Amino acid sequence: MRPSGRAPDEMRAITIEPHFTRHAEGSVLISFGDTRVLVTASVEERLPPWLKGKGEGWVTAEYGMLPRATHTRGQREAAKGKQSGRTQEIQRLIGRSLRAVTDLKKLGERQITLDCDVIQADGGTRTAAISGAFVALRIAVNKLMAQGLIKEDPITAQVAAVSCGIHQGTPVLDLDYVEDSAADADANFVLLSNGNIAEAQATAEGATYDEEGLLRLLRLARIGCNQIFEAQVKAIG
Amino acid sequence: MRPSGRAPDEMRAITIEPHFTRHAEGSVLISFGDTRVLVTASVEERLPPWLKGKGEGWVTAEYGMLPRATHTRGQREAAKGKQSGRTQEIQRLIGRSLRAVTDLKKLGERQITLDCDVIQADGGTRTAAISGAFVALRIAVNKLMAQGLIKEDPITAQVAAVSCGIHQGTPVLDLDYVEDSAADADANFVLLSNGNIAEAQATAEGATYDEEGLLRLLRLARIGCNQIFEAQVKAIG
Amino acid sequence: MRPSGRAPDEMRAITIEPHFTRHAEGSVLISFGDTRVLVTASVEERLPPWLKGKGEGWVTAEYGMLPRATHTRGQREAAKGKQSGRTQEIQRLIGRSLRAVTDLKKLGERQITLDCDVIQADGGTRTAAISGAFVALRIAVNKLMAQGLIKEDPITAQVAAVSCGIHQGTPVLDLDYVEDSAADADANFVLLSNGNIAEAQATAEGATYDEEGLLRLLRLARIGCNQIFEAQVKAIG
Amino acid sequence: MRPSGRAPDEMRAITIEPHFTRHAEGSVLISFGDTRVLVTASVEERLPPWLKGKGEGWVTAEYGMLPRATHTRGQREAAKGKQSGRTQEIQRLIGRSLRAVTDLKKLGERQITLDCDVIQADGGTRTAAISGAFVALRIAVNKLMAQGLIKEDPITAQVAAVSCGIHQGTPVLDLDYVEDSAADADANFVLLSNGNIAEAQATAEGATYDEEGLLRLLRLARIGCNQIFEAQVKAIG
Amino acid sequence: MRPSGRAPDEMRAITIEPHFTRHAEGSVLISFGDTRVLVTASVEERLPPWLKGKGEGWVTAEYGMLPRATHTRGQREAAKGKQSGRTQEIQRLIGRSLRAVTDLKKLGERQITLDCDVIQADGGTRTAAISGAFVALRIAVNKLMAQGLIKEDPITAQVAAVSCGIHQGTPVLDLDYVEDSAADADANFVLLSNGNIAEAQATAEGATYDEEGLLRLLRLARIGCNQIFEAQVKAIG
Amino acid sequence: MRPSGRAPDEMRAITIEPHFTRHAEGSVLISFGDTRVLVTASVEERLPPWLKGKGEGWVTAEYGMLPRATHTRGQREAAKGKQSGRTQEIQRLIGRSLRAVTDLKKLGERQITLDCDVIQADGGTRTAAISGAFVALRIAVNKLMAQGLIKEDPITAQVAAVSCGIHQGTPVLDLDYVEDSAADADANFVLLSNGNIAEAQATAEGATYDEEGLLRLLRLARIGCNQIFEAQVKAIG
């Protein structure tokens, strides 16, 4: 029995509230249960120096956690003067995941930045961020297409992410904080709506796992991502 | 006529949503029109080194703005590796304002940190932050009193803040972003529910002002703060 | 009775020694009693990036305190690797104050930086810095006009600053360190020789204050600034 | 055909030179072809603050690349003043991998730091680092056991890592720099000598992949790691 | 002929004004011609962590240059967020030089910090700093002895420093900025009043030099330091 | 008797292994006994901003020490976020030494960076770095000349460096770590193959020294450098 009473292959409630803020070209507040992440997509008609003049664009991401998103207050990264290794690892993952479904040539010479800020954390913040960032990106790209700034749709598929893990010997879907702290293995899968995998990361925490375990986690992830794909479609409208 | 069509002494709509997040001892989402600030109050049973053993507590604040809270995306301070002078100035002001209504001896040897994060900006973020922080602090202190950790109420009055300015020759209350950008003078007042002043800051931007101008701004601020005091009382319940 | 034996509306001795150093386009050593600040004005024929090509100039300030300007040695900010919030707040105030009396269009596309370094501190360092910076700026601008680089005088008035506070219930002028540490309220006023106000900042420390208190502090500040204006005129010669 | 002429399941030459430096408790120079990494294991009788008094030890890693380990000179991270996101991600991975085969209770209240410095880079630096770090750790732990400081062997298995990828449609083992730059997918597997998986990370670069692709990469990784396990045993002697 | 008209072995005017500031335990304003350095000695009854409990004290130095001490304004190190290599090299040299004449055991478990801040620069700032720092240290130590905190005089000799160089083929004493910029070789000598050498540093700039050149520079340095020793004695009184 | 059993004027074994890594335009692994430094020379067809358009090139150096090059592990400078004063002092010395034998006009508008990374430390790391950097520079310049990118040889002499010191009253050559820790004076000489001196630095540690001592150290340095010049010639081939 999971601490939350959920079945092993049961996601938490997924909600995606589009247009949560008004200045960004795209924005959503996404929740996986008590995990809530605000994502904005900002379009800028400029590029990082190393991409200039190549006839293509860039999609990147930044990630942050409000100091009291967590059970006990964490130090503000802006006050510490640097982003932790964890933060940098997560924002690199989010950026790669979104680029996996974006044709950068069709995007044209512009940059879209996905800012993912965790308002409240209860496990799975990076997977909620990726899943919400897709919606913010989709909204921003739709706006660019409506304005005629982009001719062909650069987005090639939906992308979503979910965590899975082995908790007391049982593979389970969408770990919350309590499960995450006690899991033997902890995985994040970034999947595409066409069935492909963009990223698989499975880490032994308490105990290592075998090939069969890896496959069972991947199959749980597919169940979860299919539900997220539906919620994304509904939010985009 | 103000760009927003408001009368000179008319505040924007004030909303205060208490308990916006669940981990913090106190939290609110406060809005002054399109300006929205999330404030959490975190109680910690520890003190900054220079206060240890003096038999009193500390109230402090941190302030941040999400990168796309504004019309165009700003660089994330955690990524830049330092907080701007503006950020530091604002968080020092918030901290002083809250301490002006807190008896630190009665608070006991603990620290309360008010994290004020701007979700969306349309002028007056620091005054909304102070006004919301009071509610978050009040909720957190009520919890400590209910738990018997504090015997006597350390909070001595309500505190609220509002901006005023001279816009096209007319003193106006609660500047939004459009007015703020064009104001000749820009003031922030931090007022107490007992009628006193905790902080007055009036800065000439385009044109300097005289004593009469200063007094008219102060009187507008009283009108605004009285409305905020009411909204605070309602939110605390 | 004030600790120094001064009357409530009595300034400390003001001395302004112009041309204290030889490389800067303008320089002064200003003293308010034992507070001594060295100010240099540096003219550079370049602008911050965001001002380029707008046909106007810029006046800015930096502030520092020598590690042993104070009673006990403070850590050197260059060694700590960052400027404190207090330092940044003060240098922003000095810059705004000088810009309040400078017509940036008439200054032309050049930048003047006022470096204010506190040699010895006994309260009121920021107000001495502003008052001295005006003289350094005036000397530097005079040089630019004598060289024919500026046609019309860009300086529109004199500016000076002084602190006031409520000490043991009495409003007093020009706080020294001993009074400052014990004051109930602490204010800084930046006033113009034409009678106007460039900046008013009044902060409750031990006890909040009322409108009447604010006005009494402002009136003391006028007395002080008038004396500083005279000393400035004499120093410029 | 691979650019290097290797068969798809062919590793580059593996060499492990133990005792490459003399001060460290354990040290090796490991090469996977032209990739050369110097790893030292440093034993310290102290712990990070958050582990003190828990009766267990810690194994951690740091990673660096000499500025001219690569084809063109990269900026020195010490001169830039911060470690890149890539560096931090890699050193977190190395630390987790080594902890997956270490019983921290049996290690006792001490810390072992694996410093992995890339002397020359030609793809696969992080996997060479993990594979070499195991040998340095084993040598250091053997020394502690010989000195009687540790009673029971805390190391529970061998650990090794190798990269795999999909290159021009073919899954290949142990990517060199040329292949890595052009790969559609890029994976790193950290495997144990008991057959288990400590970490699996598979990232789509040019094209996403499917479950079958993930499994084929994992099987190649087993082939490679088995050869590394043999080389480790020979190096430890 | 030297640009300044001085003879090859002629120092610039040396002035040492003791007690220039009032808070520090020792302070001087020293000038070598137009080079002016303010030095304060701060006594603290605490030690750096690595010296605690060894029954001895520490003498250290920090060095800074006001932004407009020089012909053109330099960036403030506190604003840049780090001290330059040059600054660190100089402050290490000053500290070593003072420790060469201090018996740290007799000093007792306290630290004296010499802050050397250049008010105006015209070549030779580090040598003026060392020469002035000796006086500030002597004054501070005299105070400690007068208070009975130190029993035996820990200062074993006077120390002074001067620069020399080879300018247009001629060895010259006490380079000013114009000479320093054009010198073929540039040397700094730190000498003791007992005739010994604490530090010799001779650097080829435009042209390398030979043993005879090195000795001629050293002999010039003795001439200069003897004059500084006299000025130190007079300043201490 | 020296701790190592060497005669006072006896160098440790000097080995210089050229072409130690393959990407750099020049590279060596140099050893002075147990001190081992890897030096690479990187040629870049770009210049620091302040040198652009002057028709000359630049030679510069960076220095680092692997965390466990030493007896006990030191903190990684990249992790600390800044280079120590010692590191900066050393890399400035290395750069100056190489420039003393390079005609920057003949080098043309390009930069050569010498990266000196200490693999193992046993005293004299900076002198080994300079001596090895000359070989790496020579190899890189030979390559540029062979490619016809440089017409005339910009290198005017060989340069080498060695440390000397006064150990238990005896001047000795090429201090190892044990001697260095106990030396009364510690000197580094950078000498040219034409007999001239590029840099002399002699520092009193435990006891100051006299002119005769300085000369005896210089003469020992000549003996050492002559042996290094021979080893350099052999390594270049």
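Letters are used for the chains, namely A, B, C, D, E and F, taken in the order the chains are written, and counting of residues starts over at 1 for each.
Everything below uses one rule, namely that a residue touches a chain if its C-beta (ideal position, glycine included) is under 8 Å from a C-beta of that chain, and two chains touch if they have at least 3 such contacts.
Given the structure is predicted, the values throughout are model-derived calculations rather than measurements.
Undergrad: Could you name all chains that are in contact with chain D and with chain E at the same time?
TA: F
Undergrad: Farthest from chain F in C-alpha centre terms, which chain would that be?
TA: Taking each chain's C-alpha mean as its centre, the farthest from chain F is B.
Undergrad: Which chain has its C-alpha centroid at the greatest distance from the C-alpha centroid of chain A?
TA: Checked the centroid distances; the maximum from chain A is E.
Undergrad: What rotation angle, rounded to the nearest 5 degrees, superposes the C-alpha atoms of chain A onto those of its identical copy chain C?
TA: Answer in degrees: 120, to the nearest 5.
Undergrad: Looking at chain E with chain F, do both copies bring the same residues to the contact (over half shared) or different ones?
TA: same
Undergrad: Could you give the separation in Å between the centres of chain A and chain E, each centre being the mean of its C-alpha atoms?
TA: 59
Undergrad: Based only on mean CA positions, could you tell me how far chain D sits from chain F in angstrom?
TA: Comparing mean C-alpha positions, chain F is 33 Å from chain D.
Undergrad: How many angstrom between the C-alpha centroids of chain D and chain B?
TA: Centres of chain B and chain D (C-alpha means) sit 50 Å apart.
Undergrad: Find every residue in chain D that makes contact with two or more other chains and list them.
TA: Where chain D meets two or more other chains at a single residue, that happens at 81-82.
Undergrad: Under a traversal of the ring that begins at chain A and continues to chain B, how are the chains ordered?
TA: Putting chain A first and chain B second, the full ring order comes out as A, B, C, E, F, D.
Undergrad: Which stretch or stretches of chain E touch chain F in the complex?
TA: Checking each residue of chain E against chain F gives 82, 84-86, 88-89, 91-92, 96, 100, 192, 194-204, 208-211, 213-215, 218.
Undergrad: Along chain C, where are the residues that touch chain E in the complex?
TA: Its residues touching chain E are 21-24, 27, 34, 36, 38, 40, 42, 44, 62, 64, 66-73, 76-83, 87, 113, 115, 117, 119-121.
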